[in-house]
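Note that chain A is present in both complexes that follow, paired respectively with chain B and with chain C.
The block that comes next holds the complex of A and B.
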């Protein structure tokens, strides 16, 4: 086997030289070492920010601004800066204060309610569309899919101005480019409607593509059998095809839930003030710590940890679904 | 069929007739009927606002703020000639007024493009590295994969707070060492345009590399493993295997992933709003949000230009990929 040039390090005495010698004999060893080095690097870079949140959250408020988070250590007479931040004291009380100062649990409930509602709407509408695109052949199919795809690419900023005006409910909606009034919409700002509607439209395309793939894979025979048994076409979709595609439905549900929980743009604009009573989701909860309690960094960190826990649990439990959904759905998009 | 109607009729007459009407539709009619909810939702929340945004962008506020007048492409002309800059917050310009770093970073269009290009470039490189690791079989792979995906699932606002807390001038321990290297401004870091842009790019790379990794991983796993056996027999090194087999075969996947991510990166707003502010790092979406309650026409014109840029990128993707894009 050829000797790779990158193993020819400068020889030095001791274990390094021995390791280099054996690595030249067996290049696979180098790849192994590189592999583990890269793995550790990626683990540290992805997880370190969470560690920093924990460090800040448990540091008592009085100690936050005094001294450095990087302690000076004295090791065998050589003093240096410890490369990892460590907490200055220990005060788990921040995780309780976080719910007292601002009703953070209410913001989280709002987020959950918005995410669940959107997920149910998206699953229902995308199921119908997935059935159509996955199982029926009809003229205009490719063009319609292209249209849905194109809409999903547009930035939310291109929708927000008219939606905000419509949800404010001050003026009647007119047909674009004319002044013919259609109807005056109800005031939806600060209600779930003003967020669920844009979320549903924004995150539906991904679910449509995932469900199209899954529904298209169910053999025709099963649907025919259900129809012979006497169900209607819609019954066959909801009683046979959807249960048989449970993994696909779960994938679409998990991805929609996470997407809504993570959304920022409409969440911060449609809830005009960050108050839990006005249906502001966690965006409002966390921002109110950033704007009202500007020096209580431990509370910001604690709130972030509490807010991130649901999605971390979801990722650990449902990672197979997330991986398959993102790769099958997003690559199609 | 008779037993079906017999059983159904015990429910209600209207429902049965609707059901029977649906059963007798042709495939095409049935398809379009089932798509009605999609059309309604996308029509109300996407198509109508898009058309209306374009309409709004053709009107300008009169001098006394009481009415709007039709100006045609006037808003766009003013936007590109600098006439609209006075409405943008914090001395931001739409197009750059010079070619120095300060002038470039003061331009909404340039900042957005710099952000998109830089973050997507590094996300692709890091995502490729992560994907190559996740493609191997090793003990604990499931947990490593979960750890790598977690940043992707973190809400934007929490991602913003994390980086705000890491680089904040009071508690952010990362600012002094990086300022010593000359990468960040030593004081008032998050209000310095260049530093804040840098931090926001790093934050985006941290969050979205995992998404790239998963897309590239899908490409990696579709490669026929037999090719590697052949390469081994032929005596190819790992690097040659990567260069001659892996890379060419995942290149199309990377291409799609890069374009897809670029389009998403052009929308950047939330992370800027949390870490810094829209006056410090002026992205296009930021400008739309900052002006839409006071200067509708200007805001709509910026929104439509953003949409048009993204539209051009997407058209490129569809033309390049053809039918496979769907």
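The block that comes next holds the complex of A and C.
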């Protein structure tokens, strides 16, 4: 607060007014304050659910439904409700039980395999598309790009029924509005094919857009040099253009991986029941802790935490890659 | 033997409905071991021509042969060529060793062979001890040398160089120029070199191919292009500063221009008739101050002029002369007819705005047809008439 040595006007101002005064002098202060406010907001909204999962996971099953997670605390004679939920008891065994009750590691493996396969397919096909859209000039390019954009706006649910029918492999596909059969698809339900195919198609447009931008920025001279040195156009794409676009490729890969790893809608339908042997993914596994009569929230929470870990690790590793790719000035010619 | 032949090569682009002809019916025959320069202003088709030879562009019409093979539609990797690019185009994610060995590794050479060749290439371009550096850690000249090493390591039949020195500073350029000549001597490979710098072309090449608007204007040894240009374009492009052009008309015994007349005998020269409109071309070094008239082998009559600007270069002075009344105004651009550029001795005591007399060496006057731009003759006084020795030197190149 103001001391007697301060000037008259300052001594009459409160701390907020003084802060405002100095912020007008130095606007950086405001930006910094806004930055911290936004940071706190995002940290709370992203980390609180995670904290809540941890609280649920370590609470013994018997205590889940009785009493409040917000304990009453008595501090110096004043009693009040503690503002953060705390575990009611401590049972870390839930993290072991999740694997005993349900083969949760198999579900994780399913999700992981589906995500990796989809990412590889998407990166390969989107690289070819990105090369064409980013580096070649041909009539109809803008129109084709627009078509891809339009398709990516379709709600995935629109594809579920026809795809399910097709993947069931019972009836032949006919030409629309006629009964002329074209071909009978193989039965893909409960196999990775029924999930990887729609995932790849759904997540392709985003990767195409990312890679088009990155591949388009590689100087023509580098591609020409690679071709003169002995690669084909494709060879130049995979040996020179793709490594130089590492940040973009990493971004596309991480986004695709996470999207497929978290996917539930298609996989819950394409796997006819949530069993690991039918390629049901993580979410299917988590839901298996729920039976007709009981819902083991603590196990579901523990399984969710275990399931998130690989993605957290991946993002941390890939992020370092992305940052290093951006700062090394790889594209400087 | 890597002879390179282009037969009727034409490249047209479709630029939003407009057809642009970048290369127009190009015919070239380049011998094994020859150093050929393509020169011309920007947009003349020299780079496109080179790209068709490299295979980066497929010609619309015509055939290309390297050695005995037709390569018109072959991809670049199967043509036995190596190329050095204007923007150097080193792969930024590979170190020098990987850059140089890229082509060899693609072709599955054994490791010891790759090492041996990279070592030798690095030795030729003086890059020893830098094989582990990344391109971004190197200077422009070093990067250019890596690019050249990358080209020579594959021991190609033909080298293509697309303005490889364009991005280097003047001093480095001259240095690399001599290195390139040394390299050519050492490797004995056909080199095709694209440049817009006629000086580079003059100093480097065995023959110069002068291109303009997609068409080959002349292909000859540098001095032939300089002394006997086929047309106005070549005459103006080769030589720095460029040739003076003055338009005039042939009369019975002289060439009449607006400001002076040059006496000669039109009947002694084929292709010139009285009344023809011609353009006189004279190089700056073939104009002499009047007091040196006695030393000029075949001087013209005295032409009066006023010095306008003097540009001392050290070893010579370029003097811009105004013909006629000598009046200039800054606002009005000088007609080329009224101006001559003369190269004089640096010790000359000429001042700006002096009124002087100059003479032209009639042996080195070029005449061009004003309508077509084609060269008619390269000396107003036929050498045969005088019986001098210098004629054989110039004409033996034909």
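Definition applied: the second predicted complex is superposed on the first by the 268 of 333 C-alpha atoms of A that agree within 3 Å, B and C clash if a C-alpha of one lies under 4 Å from a C-alpha of the other, contacts with A are read in each partner's own complex, and residues count from 1 in each chain.
Here is the rule we go by: contacts are C-beta pairs under 8 Å (C-beta built on N, C-alpha and C of every residue); 3 or more make two chains touch, one makes a residue touch a chain.
What you see is a predicted model, and the numbers here were worked out from it, not measured in a lab.
Contacts of A:32 after superposition on the shared chain: neither chain B nor chain C is touched. Applying the stated contact rule after C-alpha superposition, one finds that A:21 touches neither chain B nor chain C.
With both complexes placed on chain A, chain A has more residues touched by B than by the other of chain B and chain C.
In the superposition on chain A, A:244 makes contact with chain C only, not with chain B. Within the superposed three-chain model, A:226 lies in touch with chain C and out of touch with chain B [touch as defined at top].
In the superposition on chain A, A:49 contacts chain B only, with no contact to chain C.
Within chain A, the residues touching chain B in one complex and chain C in the other are 230, 232, 330-333. Of all residues in chain A, those touching chain B in their complex are 1-2, 4, 27, 31, 35, 38-39, 42-43, 45-47, 49-50, 52-53, 56, 64-65, 68-70, 85, 124-126, 128-129, 131-132, 136-139, 141-142, 144-146, 148-151, 153-164, 173, 176-177, 197-198, 200-202, 204, 208, 230, 232-234, 258, 261-265, 268-269, 282-283, 286-287, 290, 295, 297, 300-301, 303-304, 307-308, 311-312, 314-316, 319, 322-323, 326-328, 330-333. Remark: chain A residues 219, 221-222, 224-232, 235, 240, 243-244, 329-333 touch chain C in the complex. In the complex of the two chains, the chain C residues touching chain A come out as 54-56, 75-77, 81-83, 85-93, 102-103, 106-107, 136, 150, 154, 160. Those residues of chain B whose C-beta lies close enough to touch chain A in the complex are 3-4, 7, 19, 22-23, 27-28, 30-32, 34-35, 37-38, 41-42, 44-56, 126, 129-130, 133, 136, 142, 144-151, 153-158, 161-166, 168, 170-171, 173, 206, 210-211, 214-215, 217-218, 235, 237-239, 253, 256-257, 260, 263, 266-267, 269-271, 273-274, 284-285, 288-289, 292, 296, 299-300, 302-304, 306-307, 310-311, 314, 318, 323, 325-326.
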